[in-house]
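Shown below is the structure under consideration.
Naming follows writing order (A, B, C and D), and every chain is counted from residue 1.
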Amino acid sequence: MSIDLANQIVTGILTGLVYSLMALGLSVIFGVVRVVNFAHGEMTALAMYAAWALATWLDLDPLLGMPLIALVMFGCGYLLQRGLIDSFIAKPEHMQFILLVSLAIIMVNGSLLAFGPDAHGVQVSYGFDTYEMGPLLVDKVRLLAAAASLAFSLALMVFFRRSKTGKAIRACADNLVGARVIGLDVRRLYAVTFGIGTACVGAAGALLSMLIDVMPPTGPELTLLAFIIVIVGGLGSMTGALLGGVLIGVSEVLAGYFLMPSMKSMFSFAILIVVLVARPQGLLGGRK
Amino acid sequence: MRRRIALLALLSAFVLAPLAAGPYLLSVLVVVMYMAYLGQAWNIMMGFAGQLSLGHSLYGGLGAYVTAALFVNWGVPAVLGLPAGIAVAVAAGAVVGALGFRFGVKGVYFALLTIAFAEFTRVLFEHIPSLGGTGGLFLPVGSRDGVDLLRLRGHPLMFYYLILAMAVGAFLLCRRLLACRIGYQWLAVREDQEAAQALGINVFRAKLAAVMLSAGLTAAGGVFFAFYYNTLFPTQAFGMGRSIDIILAPIVGGLGTLFGPILGALILTPLGELITWGTEALGFKAAGLKQLCYGLSLLAIVKFLPDGVWPWLRRRIGFDPADDEEEGT
Amino acid sequence: MTAPSPLLLVENLVKNFRGLRAVDGVSFQVNAGDIVALIGPNGAGKTTVFNMIAGSLQPDAGRIELAGRSLAGLRPDQVCRAGVGRTFQLVKPFGNISVEENVVIGALRWTGDVAEARRLAREVLDLLGLADKRRLPARSLTLPDRKCLEVARALATRPKLLLLDEVMAGLRPAETDRMVAIFQRLNRDSGLTIVLIEHVMRAVMALSHRVVVINSGKPVCEGGPAEVVRDPRVLECYLGEEAARC
Amino acid sequence: MPVSRFPFVSRRDFLAGTAAGAAALGVGGSLRPARAAQPLKVGLLLPLSGSLAREGQSCKRGADVTPALMADLGMPVQLMIADTETNLDTARTRAEKLIADGAEVLIGAFESAQTLAVAQVCEQRGVPLVINIAAAPNITEQGFKTVFRNFPTAPRLVTEGLALMKEMFKTSGTTPSKAVFMHNNDTFGTAMAGAVGKLFPTLEMPFPIVETISYDGAARDLAVEVGKAKATGADLLILVAHGEDSIKVIREMVKQRFEPKAVVSPGSPGMYEVQFYKTLGKYADYSLTNLPWINPHTKMSQALLTAFGKAYPDALFEMNVGFTFEAILIAADAARRAGSTNPKALLDVLPTTNIADHVMIGGPIVFDAKGQNTNTRSATIQNFGGRPKVVFPAEAAEARVVFPAPGWQQRG
């Protein structure tokens, strides 16, 4: 294996880890609230704008801004679920789809109005630095972002395993009726879950703002990417989202390296089709 | 009876509309009819058979590309290219349907499968140089004054009456289908697949029929698109945005109803124009504001009229479906 | 072996769910014109047996024949077209379409003519006392009416064999009696063969010619209704369940 | 950026401030209005929202400063701006609407598909269309009688772009040994790639193209793409980007330490845009782009540049601005010559357009039988200190070319 390829694969893994965090949010929301967030990428784009604004106006490094953005996005997600999405939970999928597509349209054009059509990227002082690890060249920003993403994901997993709220949320996901019977406030837990999902998006958006530039059309692109990752990993599975992110990161690298780069997304969609047909629960998803 | 009179009145209004409408209104009406037609086609799959397709642009795009490529490269007139375009789209529908239904890909997963196929095809067509790739496939425009239905070349008025005829045809076809065995089978499948199967319905075949028919009709719509605009680009033909456009009218109008797609198209396209006009009249010219308002309107509609406008409206004006035996829901 | 082949033959049926043996060697026969009740405590595997006959589940072992023809590997719709109508324990009405249309769909099993299907649907609805509700959307029906609708739909397919899964549960005694009378009439007038799963003993006693008892997936005994209820093994399996619950 | 949100405020500021600059246009004297100033109604169709919003709004900035300049030339125009939303249906409907609202000439529409949709409307209605930007050759091959394009087709851009490269090698005395060609797989990029594929072998270039890499502009990052280019060992990167993807390419090149002698575009947007300079800082310097550019030395361009700088202090002058200005100029000039704003009258005189005094580098604006301006010319611009400067052709040059460019690490 050539050094170039090895370099690219490392890049793919690191970038994939950041996308995983975004996809994780989608997975958590679907796994518990059973709503497919078709505005996921748009929310990520909003978080990227937020990170850009903090970096530009307050000179705040996105790595430090990440918790703040995640917190604010948690609040937004909580309120959005309470105010709007909750009434659509029992509705058929196409209604949820239209609801979230309308939200997406609003977000895309709202950001066009607010931030204009230009690309916004955060330029950190170490933006162009690379580490030399033996023959490998590792991009510092990617490495930091991937590490932060991994840390956030792990913290979230611990939250779901250990904390009372986390356990209660898992109970809702496993057995909704049972959860109601033992007196859990399902509506509040759903809102919290949606908030957690959007917090993931917030954190991921903050990190992504260092890797890619955000423009109004960035959102829809990210939505599709998040879908591919969670379906491949397993919709509703947390580790699945992590694995899916890395897999798609690496597969896009391989497709780009050995085929034509402009065809790499075709490769991802092909993987999506195969997984949907052969193993709809995803690689790590359990059977319902 | 009242219903029939109302329908006839509406139809004559559409037939006579060009007399009153200038070219601008005519171009809006073309889009309205085009969306109504596509909505009707999509409605067969989702509204009748309950299969959510979010990648319907696939079929329209295939129909458009095949027919247009035949015309551009070998001068095959649209009338002869159309069956080929429809055949390819129907075959694609069969593949998507067969894979999805055979392997039990359900609900949201099926919807994602349809998106995946459409997006896959989009990127694929971006890499077919003989069809123009991302550079686009341009149809020779030719004369815009005559009426040549064979080649689909001619005056915008011809295109208007063509798409009107297609929309009316699709409406009548759906009406007929709903009164047939297959129509009832679709409704059963939509409502409960297990119960449908227990009543002797071959669910797989019924769903496949819905997808294939819907795909074929959508493909014809795509052919209209190609010959009306004379350009085809993978993003515009197969993109997610096109798919969303297709499904909005029937959902806003009323899913599964015959009149829903028409009403939805009659609401949405003029709504867009109205918002543009309104924001401009009020002096707001910021780009994106129109779509923002459009998104808000859409949100309001799904929030307050979740079953669509037509079911709500027909209760108000007393066109209850129970009064009409022929009508489905 | 006696000469006439039974309408339904079930032999040594076995079904496992994740290592759990839900049905274990159940056998019975139903002759044309019979009304047979399948009884047993909750979780005995009755519905699983039904699902295997109806094609919703494939047995792991054993034989199911309808009038001498194997039903192995057939899908539910093929079983239906072979002449088996069924109802679901958890009713599955087509909620958003009218009651009449629900039944029309059943009738379209044997005819492509919607008008003809509609005629039969109205007959069946008359028979089951749903005629005045035929225009309502099915989701607006009460549970007893939904059970009736379930039966009406199955009847409209013109089955040779009707599988009824707890259609009397939740009915008031008077309604139960009416339902029993309807089935008796159908059985008498058109020779409809019926297999029913039922907990309402009042219906079982009145309706069935023969009763098959199963428990924990295994056959317990078989005989006339009067003789079965006196069988100590039957009592034991019901009591055992009660004891286990305490 | 914020400026684009409040174009009206800025324009008013500008109107007050640039009277002097506009008066200095000089040409005003020779172009006295032939009739009392009844403004020409110009319908402008641009993708102000949707995926091409950035480019569309850049064109709009050019349009916004134009009416005042035209008024000073005695050629009053009234702009009616419509948003195509980067959508075919909308483009066509908006075109009809503009005509219904009284537009006498249409200008647009930046993107080829929408331009063709608009062209058909114009042809039908007998209203002239002056294309500001759209490179697909097909548009002028349809036999339209109402379509005039003041923008080079892709083959012409490439021919000129490659010729300028040769000139640069000759001047600097350095010639790269092999090149890698990266292009965005979008409408424009494909047209350019097709032209490169066809023309490169015929132009006797002193280096081979060892690999062609097409990439998806929507790709989140371009790490693999750049890695692949680096692996070819090429010492020249020919780049046809769309806009922001040029940033992604350079950023990855720095990170992956891919240092060819130069990054040069044979005519594409991206490397001379504000965002490029802002994001990349010193790494933005020395990139080369060969494309039609404003001739900084004419009086009219001085006036335009001054007006533009006043109206949009944060924005940089771009090709989009210049061509949108010129499209309006062509329409206004036709109205002056026809002595009428009637579309039919405009159509009569548009084929005989001959505007010697304009802003972009190149000969007088004239149209051939197909409605194509064959006198457009490309220039080579190179970035210095966060600004694009013309280095070729000599008569328009503002700076001397630097080739090969210093490595990433050698930059202050």
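We take it that contacts are C-beta pairs under 8 Å (C-beta built on N, C-alpha and C of every residue); 3 or more make two chains touch, one makes a residue touch a chain.
Here the structure is a predicted model, which is why all the values come from computation and not from measurement.
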item	value
Chains touching both chain C and chain D, listed by label	B
Most centrally placed chain - per-chain CA mean versus overall CA mean	B
Selected interface, A-B versus B-C, where C-beta contact pairs are more numerous	A-B
Longest centre-to-centre distance from chain D, chain (CA-based)	C
Between chain B and chain C, centroid-to-centroid distance (C-alpha), Å	43
For chain A paired with chain C, centre-to-centre distance based on mean C-alpha positions, whole Å	49
Gap in Å, rounded to a whole number, between the CA centres of chain B and chain A	32
Computed distance of Cα centres, chain D from chain B, in Å	37
Junction residues of chain C - those touching two or more other chains	none
Numbers and ranges of chain A residues touching at least 2 other chains	109, 112-113, 117, 216, 260, 262-263, 265
Multi-chain contact residues (two or more partners), chain B	123, 126-127, 286-288, 291
Chain pairs that touch, as defined at the top of this document	A-B, A-D, B-C, B-D
Complex interface listing, chain A residues touching chain D	2, 4, 7-8, 11-12, 15, 19, 109, 112-113, 115-119, 121, 123, 127-128, 130, 137, 139, 211-213, 215-217, 221-222, 225, 252-253, 256-257, 260-265
Chain D residues touching chain A - in the complex, by the definition given at the top	1-2, 4-5, 48-51, 53-54, 56-57, 185, 213-216, 218-225, 227-228, 230-231, 243-244, 247-248, 251, 254-257, 274-275, 279, 281, 283, 408
Interfacial residue positions of chain B with respect to chain C in the complex	179-181, 184-185, 187-188, 191-192, 194-203, 256, 322, 328-329
Chain B residues within the chain D interface of the complex	22-28, 31, 123, 126-127, 129, 133-136, 138, 140-141, 144, 155-156, 229-231, 233, 236, 241, 272-273, 276, 285-288, 290-291
Touching residues on chain C, where the partner in the complex is chain B	54, 56, 75-77, 80-81, 85-86, 88, 92-98, 101, 104-106, 108-109, 112, 114, 135, 153-154, 157
